[in-house]
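Next, two complexes with chain A in common: one pairs it with chain B, the other with chain C.
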Partner chain A sequence: MKNRLRPYYPLLPVFAAYLVLFLVGRNVTGMWQLAATLVFYCALGQAFNIFLGMTGYVDFGYVAFLGIGTYGMATAITGLAGYPQLGLGIVAIGFILAIVMATLLSMAVGAVALRLRGAYFAIATIGVNEGFRYLIEGANLWNGSSGMIFTAQLNEILGRDLSSRIMTFWADVMVLFIAAAAAVVTLLYMKSKIGYALTALREDEDAAKVMGINVTKYKIIAFITSASFAGTVGAASWALKTPYVFPPEVFEIHYTIEAIIIVMLGGAGTMLGPVVGALIYGISKYYLSIFLPGFQLFIFALVIIFIIVMFPEGVVGVIKGKTRNTAIAPYIM
Partner chain B sequence: MKSFSFKPFVFLIVCLFFFSATSAFAAPPDEIVIGHPACLSGKYAKAGEQAVGGIEACIHWVNSEYGGITLDGKKVPLTYKKYDCESKKENVTSLIGRLITVDRVDVVFAPYSSGLTLRGAPIAEGHSMLYMDHGGANNKIFEQGFQYTVQTIGPATSYHKGTLDMVKKIAPDAKKVALAYEDSEFATMVMEGAKTHAEELGFEVVFERTYPKGVTDMTPMLSAMKATDPDFVLGGGHFEDGQLFNRQMSDLNIDVDCLSLIAAATLPAFYEALGNMAEGVMGPSHWEYGVTYSQEAAKEIGTRWIGPSQDEFVSLFKEAVGDQDMVPDYHAAEAGAQVLAYVLAAEKADSVDSGKVRAALGDLEFMSFYGTWDISDSGLQVGHSMVDVQWQDGKREIVWPESAQTGKPCYPMPTFDEKAEGEKALP
Partner chain C sequence: MSLLRLENVTKQFGGLVAVDKVSLEIAKGEFVGIVGPNGSGKTTLFNVINGVFYPEEGRVFFDETDITRMPPYKRAPLGIARTFQIPRPFASATVRENVAVGAMFGSRGKSVNVEQSLEIADRVIERIGLTGHGRKNAGMLTPVEKKFMEIARALAMQPRLLLMDEAMAGMHPGEIDNMVKFLVEVAKQEKIAIVAMVEHIMRAVVNMAEKVIVLDHGEKIVDAPTRQALSDPRVVDVYLGKGAEEENADSSSA
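Coming up: the complex of A and B.
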């Protein structure tokens, strides 16, 4: 029994961190919104890690998948507002739309961009993000540049009390579940043929090809999976938590930069890395903005440089190296 | 054995009851705290810095000149608790959560922009906390059913109302208006309002087209606009495209009687960049230094006056930001005026309870250095009038509304050929 569960040990510290975040948020006054922000960063990091961590490719257009997921949920709520009898079913439809739309976009992007490598891939993905945003604005899709504000529709469908609870609590809980699900999928991938193939291509793509690995197939699998999770994060954390969407906000590149920092800080390709990275990033930014408002970004830049210099493989990468062959090794992957 | 006496317990319970009963009739607090997730860094840092300066200036005035907020006959000082939200929505929610539950502020001032204001609204609403918006102009915020959200900044749809009213009054023969603006949430909403008001006034909208953000050539659009021969043009979006708009109208010799550009034409940099070509160009603004709102003006229209005079505000602002060269703009004025609205409403409600202050805000009308203030049932600002500024001989003159005028409008403005020869726009 013990041996059968051993492969899943790396999930324990991740779930423990999420449980602590939830309990602190619920029980310590004034902590819920901070916990929600940290959970958002954890989910963003976990989802991004599936692609960046496992393939080594840096997708600078990642926020586009969060954006399209936000539009998926927004479309469901505004389009089905005339059917209040669907109730919470509309939220479920919103998530399905978010996943489908993020998947379709990632397939379209992946078909082109994944043929490129290194800096060319990065540049192409930036172009996709900006191009998609301008397509929405220029073609007046989903109300174009005017965006969509749909708090009133959510109130109409679910009633003011329930929609308020969703905006201030349940949307954050949904993000927590998405983060946990992303961690489970990461582990399953790591323990399967997909993970081995991705590890091989991350280390040397040409060698992996020569060995007969269909690298394109595995890159696309990781890309679509990562994009689908991003779509659900956008649907829950942006569309449900604050029911509005303006194109410049949901395609803002700084979210991609934040995702990269979180993953690199914690340790790319590790299970626990995105969680550790998200906690360091989110907590230090929050308290610096409270105690040194206006100066936090400068100090934070120094902190990041220090951590990157001290822990080039990320915090979890270093811990993993130092705990090899110890009792806690099975928990750190 | 001595018998057990209940008397001390009964006495204790009576004391506790008396204490809790007196607590229920809450005594005025020692201070009233305004909480603010301010945009001190990030893309709205400039507007955020102005807003913080305006708030601090007016709080200083309330505490030192006005004596504090009168609650239950006691003067209570205002204090200000701010954090830096970095102009990011994730930070807005976590900081508003902290302000309400940890710092226990009495009112939350929204961050700058419609998006960030919308981000914080559900959190404030969830805590039944008064949420005052001085930087989110989107009308749709007030169509969402928020009960504790009120607006000080004028709604986007009102930006060009004054310009249209002015043209209607001084040039009754003008009929044709062209709308050409940036494809953005803000400019689109401004022009929606302009179009509606133009049609109400009987103008014919002969041209309406948008251009993308970051546009580098407007000549195809402007050529199409020229073919419709408009009497006046309303347009713009941001500073860069506003400049380009004016320059390329000059290149194409598109002479109209009036040109009003949002966001660009009111900035000193606009005239610095275009020189004489900017003469006569107008722009709407929430507030400009030079407006003539005063105690006397308030008395004339029969409304209450509160706050520092315009010059006092400017001086307090400079003191608050610690920079004598920094001049307050409308971001500072509207944020400062919001402090004054809160003061009057709290006094009217004789309470800092958000529900009571919100109700009092609904019944409130007053004038300050920022102008008049009144909100609709949904919290939308309906009392504040925009001012229209026109470049005349290198100076910004407030030409509309008449109650705030520092100079008469120059209509029609000189042609581009005349301006190239050095003619100034003088009334």
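Coming up: the complex of A and C.
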């Protein structure tokens, strides 16, 4: 008899990693911040992988979706501060706004940019990120360049205790759940026609078209999914954890670069890859900054270039190849 | 009633006329060989038929529907499939997944799910003789195996028209004979019209094609039943002319 759960085995190592991160963070003194940073990287990688990994298109403006998600949560908290009776409902509304706004932005960007091929798409998206930031600053949207600080409103809505528990703990737990949800969606996509269409178009877009695949449609599906996860990461990790938002910070391109590194390092288009990439990247960045402060970026650049050139399929890609036809193969995807 | 009809189709690249006012008809289930020297516009003709390029002039009809400007992804579900001159596998996917993509997005479309598509893939792989290669990455196949894989992928689409660009290039005479036998059988059983662009004109064409179309400099110069076409002096010209030139080039460079 066929094991009906077998298709879901690849989730086990992913969830195990998240559980270990949580337990270590909770139980080892002084580890929560590192664990939370790693969880953030995992969520970032897992979300970005749905687009970058599955389509092979590089979006240099990806951080804009985290940024707009941050604004979504900020809008809910500041706009509804007069209704403290809504309590946590306001946080829920914040997440919904984050998803809706990230979706709208990704539809607008995708409708134009996803018609461009490879490198042209990448260049266009750099413009989108910068353009969006200048729009917020120039048109004085959401307070323009002065940004928004909403710690006081969060305190008012949820009370000081809960609000500080959210900032120091629950926001990170939410990010953990977002990462896990992104992994589940990745798996569901991979098992469905969407995943087959995306693999085909990533490998050869023209051949995919000729075989009946509406490549634009599938690219947009991946783009919107990836963007809305990014929006929730911004809402939780940036708006709830640190209740303020400044355009230069939330549109900082180095987050996009980090996300690209995590996905490539771990294995683009694999489900476990972003976790592995996030852990390797996050842990080595942390210890390099302690032992070799100032040099970490330089060393990183070298190591990453080396790894990406030598193992373009990433760590998990290599492991997948080596473990094919072995007992652990069903767990690695 | 014809399955495919081209009316005065012209496709240019800048000043170069790659396909020049070509009209032709392919009947249902018909096996047609297209021949012509290098650069005569065979691949371009295929690209116009499956929508990679839209022609500047003329019309393309499939099943009497005008598809001249229909995007390629909408043509595949109608039953138009093709293989490429240089194989284009989805390299990181397995052979099985490659072929399953054909089943999923071809003319079966929404009527099959992923699991059923994989089962169809297994059957087609078996049938074409790639048994045992299903779980390999398509990128790891030999060039000839890749050609087989592409044909399997196209057949999984359950096409009514299969365009094969240099499908048998690089194969040994034995492999060509087997492939021809296989194709003739499939075409008959599944009522697929096959338009094959063939290199080894005599060997492949004589054995399978009911009709031969000859292109030269983008123009259709012959369109006739196989035996008649092969004895046509213009065909002999195109091929012997080319052969003679090559011989000259060889002897002058020696």
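Throughout what follows, the second predicted complex is superposed on the first by the 328 of 333 C-alpha atoms of A that agree within 3 Å, B and C clash if a C-alpha of one lies under 4 Å from a C-alpha of the other, contacts with A are read in each partner's own complex, and residues count from 1 in each chain.
The rule is short, and it goes like this: a residue touches a chain if its C-beta (ideal position, glycine included) is under 8 Å from a C-beta of that chain, and two chains touch if they have at least 3 such contacts.
Just so you know, these numbers come straight off a predicted model, no measurement behind them.
Superposition of the two structures on chain A shows chain C fitting alongside chain B with no clash.
Of the two partner chains placed by the overlay, only chain C lies in contact with A:A200; chain B stays clear of it.
Legend: residue contacts after superposition of the two complexes on their common chain; A:T326 is shown touching neither chain B nor chain C. Set against each other, chain B and chain C differ in how many residues of chain A they touch, and the higher count belongs to B.
Rounded to the nearest 10, the superposed model shows the Cα centres of chain B and chain C diverging by 140 degrees about the centre of chain A. For the pair chain B and chain C, the least inter-chain C-alpha distance in the overlaid model is 35 Å. Listing the residues of chain C that touch chain A in their complex gives 50-52, 71-73, 75-77, 81-82, 84, 88-93, 97, 100-102, 104-106, 109, 113-114, 117, 153, 157. Of all the residues in chain A, the ones that touch chain C in their complex are 191-193, 196-197, 199-200, 202-204, 206-215, 269, 313.
For chain A in complex with chain B, the touching residues are 29-30, 32-34, 36-37, 40-41, 134, 137-138, 144-147, 149, 151-152, 155, 160, 164, 167-168, 241-244, 246, 248-249, 254, 285-286, 289-290, 293-294, 296-297. Interface residues of chain B facing chain A in the complex, by the touch rule stated above, are 38, 40-41, 82-86, 88-91, 93-98, 100-102, 114-115, 118-119, 121-123, 125-126, 138, 140-141, 143-146, 183-185, 188-189, 212-213.
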